[in-house]
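Shared between the two complexes below is chain A, which pairs with chain B and chain C, respectively.
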Partner chain A sequence: MSVIYPSDKQIQASVQNICEKASLTRRPNLISFLRDMSRNLGLRQIFTGTWDVILISCMLFGLAAVIGALDLRHSVHQLQKASVFLFAFSPVFLFLLFSLSLWKEVEGTSYPIKMTCLYTARHLIAFRVFCITCCSFAVVGLYALFLSAFLGLPGLPLLCVSLSSLFLYSLLQIQTVLSVRSNLTVCGVLAVWVFGNCVGSQLWPEIYWELLQAVPAAAWVLVDLLLALMFCNRYGIYVRRVCYAEGL
Partner chain B sequence: MLKVCDVTKRYGKFTVLEHIDLEFTTGVYGLLAPNGAGKTTLMKLLTTLAFPTEGEIRYDGVEIRTMNAAYRELLGYLPQQMGYYPNQSPIQFLSYLAALKGMDRKLVPDRVEGLLELVGLLDVKRKKMRTFSGGMIQRVGIAQALLNDPKILILDEPTAGLDPSERVRFRNIIAGLSKDRIVILSTHIVSDVESVANRIVFLKDHQVALEAAPEEICLTMRGKVFEISLPDTELPRFEQSHRVLSIRQEHNWVHLRFTDGDIPAEAVPAEPTLEDAFLVFFR
Partner chain C sequence: MNDQKEAFLIRRIQRQGDRQAAEELVSAYYREIYAFAYRQTGDVDAAMDLTQEIFLAALQSIQRYDPKRAGFRTWLYRIASHKLTDLFRSPASRLRQSTIPIEELSLPDDGSPEEQWLEADQLRQIQLRIADLPDEIQSILRLRFYGEAGFRQIAEILALPEGTVKTKYYTTIRMLREEANRQ
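Presenting the complex of A and B:
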């Protein structure tokens, strides 16, 4: 049997027709989609069944943070090491939360039902990452400031480096979870980022340091601000692009 | 109309479904097949939990993968194993899924109450689901599948664990729902679909072997099914020469339904049922 493929125009017209017949809410723009999603879900629903995962992630992250701080205390090039460490370490909490959360969702018996809802398990995870990223700004920021006070180092460069790393990673995470279909690929991409940075910063700290130093502190601030803006906008665009077919 | 166009699904080298062509319009479709024939895989393809290796599935002419969220909004799905949070009550669980289905918050309480009444769980609506029996969990599953008033309702082994009265109630619900939507029911319990399904699909050897109305299927068996009563000592010999469909023991006698082989003079023709056809087809 030969399959005849419809054109994009035909697809759009048919989807419009289907939505009208089924009385589906047609969300005309990004703002209304995000508003509906946050209204319908709410924070309590987004984190349903994940409090154990958050607790484990907090404990592991806290442990690594303490070990990192103690290790840095006795190192020779403290600013260099602290900057490299923070760049590699800042997204670890997001990675832990994401991978544990995804594993729990996929293994859970309610996964098939969630994957057939309007907001799938993937959207839930992306939304969780978004919320946790907002909290992480504060946590990672405070940790960077704590390190600077603890080691007597300048605070602003450390803060900027750690926040930039967090932003970049969070964007990558949301992008992959929403657009890559295979869970294994998503985990692979994110694990490569985290472990690559952690191992790379240990094996070749000078290269990392040179890369970080190549960007002046003011530029890091600018990068952070731009990424913050992009983060807020792009997140919605990613969600919308993946959630809704063309024409919706 | 939901159309499965020449769909093949492979996992590695193993072919689960091969060149499936089906069309679903409004009404109840019973998907009958023995275990391992590919029922659940077909259900997964229809619910976008998996995608075809070859071919495509279209709803009103649009590939369902392209429709994405718009398709999921039309969908109600009850998987073979209903997952739930044991610490939640049915109200909490259904409200949670209603949120995931993007339902208007204001409409959710009334809808949830209505559905719990429909499945007979209103009395236990605030009890934690960890205390529920398998049948009660299944009823919560049926309620969640109906939450968004789906145009396409896909139920994988929906009556597993239900007692006879619940089964009847379930059949009535399905019959009522099928007026203006597609209901696809996968099962290997023939009596579940015999009275409610408008069309029956037999899957055999990973392909669609037959697609017809239940009456048409029964008609093909007319004049081929017989009943006979024998002393139970003669049963082994009889089984060797005939295809026995059912056996009922009564004292030292057995009452048999059978097909094929020589028809003894004492045998009387019987009205064939869908179960007879199923047994003959899948033997």
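Presenting the complex of A and C:
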């Protein structure tokens, strides 16, 4: 069957009409997503209804942190043990906060009511992931500095070890969220990582110390920067998926 | 248009919502998609409307397009195939297909009026029969008959194994032939 084509003028007009009706928009980048969410949702609303989760996380983390600090005070090879402890322990707060808040959101029936018409539950979860990660970095960073002052150890190496562990964990967290659909599986994978890391550091502290020493002290900052960049990249993909894909 | 240029235009549309890039991309594929639509509608206006709908759907969901999963052409044909199935499934469209006067059809100038009428009538009969088939088989037949696509390409477009596409195609053709013989 031979085809009768419209004239070039008609095609041109049709193409212009299509592009006008399509109302093309820019893809939101990471910064614009975070800016719009904070502006439209309001910072005070981010953790609405999750204060109990935050309190539980703070209490559990605080308890373990105090026990860890007191235990390290009387031990020999303090720097070695403090580094291993911080590497294994740093992601605990983030894990508690993330898993408990996710669990609570899934269980809560009033959740959709809290949302504005602009955003879906996934938008808020994506935004909270970022805020929770930032909170966790602040808490863990302060704890590493406190530990270094408490034990009289150099602060920068402890801070870098602690942050790189946290970045590594955040990367694993976001990658798991990207690859696995079920919240339960995400929490399960992260729980295995945190639990395995804590138990491993207690059973084989020498291996952990060897691994930590493999990275020169001066390179820790670069390692942290690299991990931070990788996290931002993965988080950007997560945000894009939340904005455009139908389901995670 | 080469692959690099195409990828560049798609990136510009996705990142910046660039209208000029969109116009260039749509213009590059317009005739091909139009021909695919025309072969099934037999009418210039209907084919143009359908082409417009297909490109509109493509541009509106271009943020979800992932070049790692499928080529743009394959993705475009996937949208076209779904749009055509939807169109021929709707009662309004079927009514139009069965009642459209021959003088309203835009037929080519070549051939005698009898040949033209036969061609249009055959097209209508085929369309009516295809519209009764399941969606997936409809898509396979449309892409094979009107898109002149190979089995591998159809398999890519519909995200099915090539063997499955061949089996479904030949089974349906055999069934349609038997039906025609009985009549």
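Everything that follows uses one rule, which is that the second predicted complex is superposed on the first by the 177 of 248 C-alpha atoms of A that agree within 3 Å, B and C clash if a C-alpha of one lies under 4 Å from a C-alpha of the other, contacts with A are read in each partner's own complex, and residues count from 1 in each chain.
Convention: a residue touches a chain if its C-beta (ideal position, glycine included) is under 8 Å from a C-beta of that chain, and two chains touch if they have at least 3 such contacts.
The structure displayed is predicted, hence computed values, not measured ones.
Colleague: Just to be sure I read the superposition right, which of the two partners does A:188 touch: chain B = first, chain C = second, or both, or neither?
Modeller: In the superposition, A:188 contacts neither chain B nor chain C.
Colleague: With the two complexes superposed on chain A, say which partner A:48 touches: chain B (first), chain C (second), both, or neither.
Modeller: first
Colleague: When the two structures are laid over each other on chain A, which of chain B and chain C touches more residues of chain A?
Modeller: Between chain B and chain C, the winner on chain A residue contacts is B.
Colleague: On chain A, what residues does chain B touch that chain C touches as well?
Modeller: Residues 1, 3, 6, 10-11, 14-15, 17-19, 21-22, 24-25, 243-245, which sit in both footprints.
Colleague: Per the contact definition, I'd like the list of chain B residues that touch chain A in the complex.
Modeller: 5-6, 19, 21, 44, 47-49, 55-56, 59-63, 66-70, 72-75, 77, 79, 81-85, 96-97, 99-105, 144, 151
Colleague: Tell me, which parts of chain A touch chain B in their complex?
Modeller: 1, 3, 6, 10-11, 14-15, 17-19, 21-22, 24-25, 36-37, 39-42, 45, 48-49, 108-120, 124, 242-246, 248
Colleague: Across the complex, what residues on chain C touch chain A?
Modeller: Residues in contact with chain A: 13-19, 22-23, 26-27, 30-31, 34-35, 38-39, 42, 44, 48, 51-52, 55-56, 59-60, 63-64, 106-108, 110, 119, 123.
Colleague: Chain C touches which residues of chain A in the complex?
Modeller: 1-6, 10-12, 14-19, 21-22, 24-27, 240, 243-245
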